[in-house]
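Quick one: the structure is below, and I'll ask about it shortly.
Each chain carries a letter (A, B, C and D) given by its place in the written order, and its residues are counted from 1.
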Amino acid sequence: MSKAPNMPKSWREETKPHKFCPGCGHGLVLKALGQAIDELGIQDRVVFGCDIGCSLLSFDFFNVDSVQTHHGRTTPVVTGVKRARPDRICIAYMGDGGGYAIGSQHLVNAAARNEKITVILANNCNYGMTGGQMAPTSLPGMKTETTPYGRDPEVTGYPTQGPEMVSAITREGAYVARGTVANVRQLKNYIKKALQNQVEGNGFSFVEALSGCPTNWSTNAKDTWAFIEETMPKYFKVGELKAPAKKEE
Amino acid sequence: MAKTVKIALAGEGGQGVQSVAGIMVGAANDKGREALYIPNFGVEQRGGVSVAFCQISDDKIGSPKFKKADLVIALSDRAVRRTTQYVDENTVFIYDSSIEDIEDDLPKNAKKVIGIPALDVAKKELHPRVFNVIIMGAAIEATHIVEMPEAKEALEKKLGYKFEQNPKLRPLNFTALEKGAELVKELL
Amino acid sequence: MAEKPIQGEKRVFMTGNEVAAWAALAAEADIMYGYPITPQNEIMHYWTRLSPKFDRGFLQTEDEISAGFTTCGGVLSGKRAFTATAGPGNTLMQESMTMAEMMRIPLVCVVQQRGGPSTATVIYSQQEATMTCYGGNGEGFRIVYSTSTHQELYDYVIKGFNTAWTYRFPTFVLGDGYQAKMRESLHIYDPATKGINMVATEPSLGLEGTPGVDRDPQHLRNTYNTEEELYEVVSELVADYEKAAPEIVEYQTFDTDDAEIVIVAHGIVTRAAQAAVKELREEGIKVGHFRPITLRPFPANELKEIASKAKKLIVMESAQGQFDRMVKHAIYGLTTPIEDYFKPGMGITSEEIVEYVKKGM
Amino acid sequence: MTTSAYKMLQVDTKKAVFTLFTGLCKGCGLCTQKCPVKTLDWSETLGVYGTPAVQPKNADDCTGCGMCAMVCPDCAITIERKK
């Protein structure tokens, strides 16, 4: 008879239930992250940074030292920590707005500099915390609060291909993947590889996670899964884009 | 010399006024005097009129820029027009006499306006590259902020490594310094 | 451990940007984060040449937003981290400075003011006074030293680190383009030889031990859910700032005891004012000069006392009234007439001050 | 640890013990959609937000695969397979 919830060891139980909405994908991404931290045994070394947007609600999520900063600025804050404390495993956690819009210059430049940090980005195709506005990742035709007639790519462009971009601008040693909350085990493995890449000091590591936002999508559980598993992959291909060459044994 | 000596050196970017200004005030500083040097600079990294504001004193120096200079040296037509604002009845104004059609733009209110053939001398007797050292010689003669041996010491300190590579440069620079002093000596 | 960058004390002749780099080095700064902008760029030039010899770090970021936030990250990691900027870069950096205010991140930032608004000039101004003291969405919980000489630039960069780490408010050394680019003499020294001990730093993140096992995790935030919650936090900031202010505030007076006319100026303009006072006094004119060294906190009481005895104040600055507003706010209630002498983006010389004072008599 | 504070809804199925921590369940229903045998359904028991929690409606159908636990964003479900 099990008595305790099966949370990752690195989760901080005192702050659970967490602050995310019912069915929010952040919980799953952070579960995968927590499991990855546990399996690598790095809880004592992790510094976790989070953005504004819903991701900020993770500031007290883990039993790891954490800092919440402004919208888009998690990458530089975490970069600052890593540069000052190279012995720490530094994780920048953000949403699609923080990574691909207001903080895109930081993502691009941290990747280009091959900062030895791990960026984990939840892509839910909209701005969640501010109430469902268009994000860089909103799909063509997708209705949001600021594209009430559907996103028109002629006017607002096409969804940002984050991992593809990061993959294109990083050098050997970088790790880039796109996972999905529909496959938590795979997502955990991607995140684990990304963190391992930092542990080994190979280079920048980046994982985008396709994630759900039932609140702003106004979807029930069935439609939430359908959007994540059927609609989003049409634009966002799940898989590993870049991994360091296997070290010779 | 209790009074603060104020010098404005102006030329085209590339004429080397900033480097000789730096050497000159450095020499004064080395003698334990108070010196302040500020280059004017614009958005562009090169080109345009370049002005070096120098002050040398026995006491701490006040504001880094000044209204009126004791000595203005202008080395191009644009530099002449730019620097007349720093001239009053106590100012010695030196310009290069090779600048054409400048008569009307020369200051009328200066204590003295002196044209010296520094560029000609540099080209014909020495080397165009030491034009700015001739100017430094003139500035030192006009102000005595340091004396000739100290000025040479400062040149040695700054350019010694070049002199080592090409020993001819040493007498060339020292001659240029002395020549500059000579050019103004009789006219002051 | 590498040797000390400066042994004892020595007289040097250098630019203010070089001074700032040497001061940070002497102050045992661990790492600089920065982005190039004129006229502060040579701070980075000198730092990148000197710092590797003493095992100090450097990161050139993609912009000043990043420079400010990486500095926050460095300080949170327990490092004596600093940055430097000017003009439009200072504008971008305000965002991170509010985070530093809210989260009590003791970073040090050297500002070399240039002309504004907008790109304007790369030369000089005092037009970043308001922004440096009160920029961003906040209340200006900062410490701002306005320096006037290279010696002060050196002294206050060192002091700035200690003030920051003692009181945990972001600390600025407010210089300007003249100070950045001009050369003059000063004495640089190893702080220890002057009895100055660098205040120990401590990390807020990346502490030893496993969080949740050996200790509680650090969960640092700057977001609050309710008005009440925020009000409580900000009230605490207010109380801490007000408690610290009397210990931090600094000013200088020159011949103010019997002064009928008091020139009020800060930063590099104080040099012109001091020289003018000297000259005018020789002519028997009863003029004095008051100079705040800290613009935040502002020496309001001290100025008020002097102003109450004067017949006239003249506020002089290379900006259109930014400093003037601080002065008027500080002495509100007095009826002493105030004259303004504003030269936005322009240097002020002692000659023009002498002329102005005489003309008004 | 505050584990003991959680109220549990336990269902003993043929192949596993299904445990739902009501203090963690927000009633999102993601698990119900992922249940391969479609046996998870809304429960009479309420979760942390006062909305229905979940439980296997037919205990014998549950295969103990653990999919529901895996997709729960709140770690509200545990599955303990019987030997």
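Just so we're on the same page, a contact is a pair of C-beta atoms (placed from the backbone, for glycine too) under 8 Å apart; a residue touches a chain by one contact, two chains touch by 3 or more.
Everything numeric in this text was worked out from a predicted model, so none of it was measured.
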| item | value |
| --- | --- |
| Where chain A and chain C are represented by their mean Cα positions, the distance between them in whole Å | 38 |
| Distance from chain C to chain B - Cα centre to Cα centre, in angstrom | 35 |
| Between chain B and chain A, distance of the C-alpha-averaged centres to the nearest whole Å | 62 |
| Distance between chain centroids, defined by C-alpha means - chain A, chain D (Å) | 27 |
| In chain A, residues with contacts to at least two other chains | none |
| Multi-partner residues of chain D (at least 2 other chains) | none |
| Chain B residues counted as touching two or more neighbouring chains | none |
| Category of the chain touch graph - line, ring, star, complete, other | line |
| Chain-to-chain touches, reported pairwise for every pair that qualifies | A-C, A-D, B-C |
| Residues on chain D engaged by chain A in the complex (per definition of touch) | 1-4, 6, 8, 10, 17, 19, 21, 23-24, 26-30, 32-34, 48-49, 51, 69-76, 78, 80 |
| Residues of chain A defined as touching chain D within the complex | 1-8, 11, 13-14, 16-18, 20-28, 31, 181, 184-185, 212, 214, 220-222, 224-225 |
| Of all residues in chain C, those that touch chain A in their complex | 30-31, 33, 57, 59, 61-63, 65-74, 76-79, 81, 95-96, 99, 203-207, 209-213, 217-223 |
| Chain C - residues contacting chain B, complex | 13, 38-39, 121-123, 149, 178, 181-185, 268-269, 271-272, 274-276, 347-352 |
| Residues of chain B defined as touching chain C within the complex | 22, 25-26, 29-30, 34-43, 60-68 |
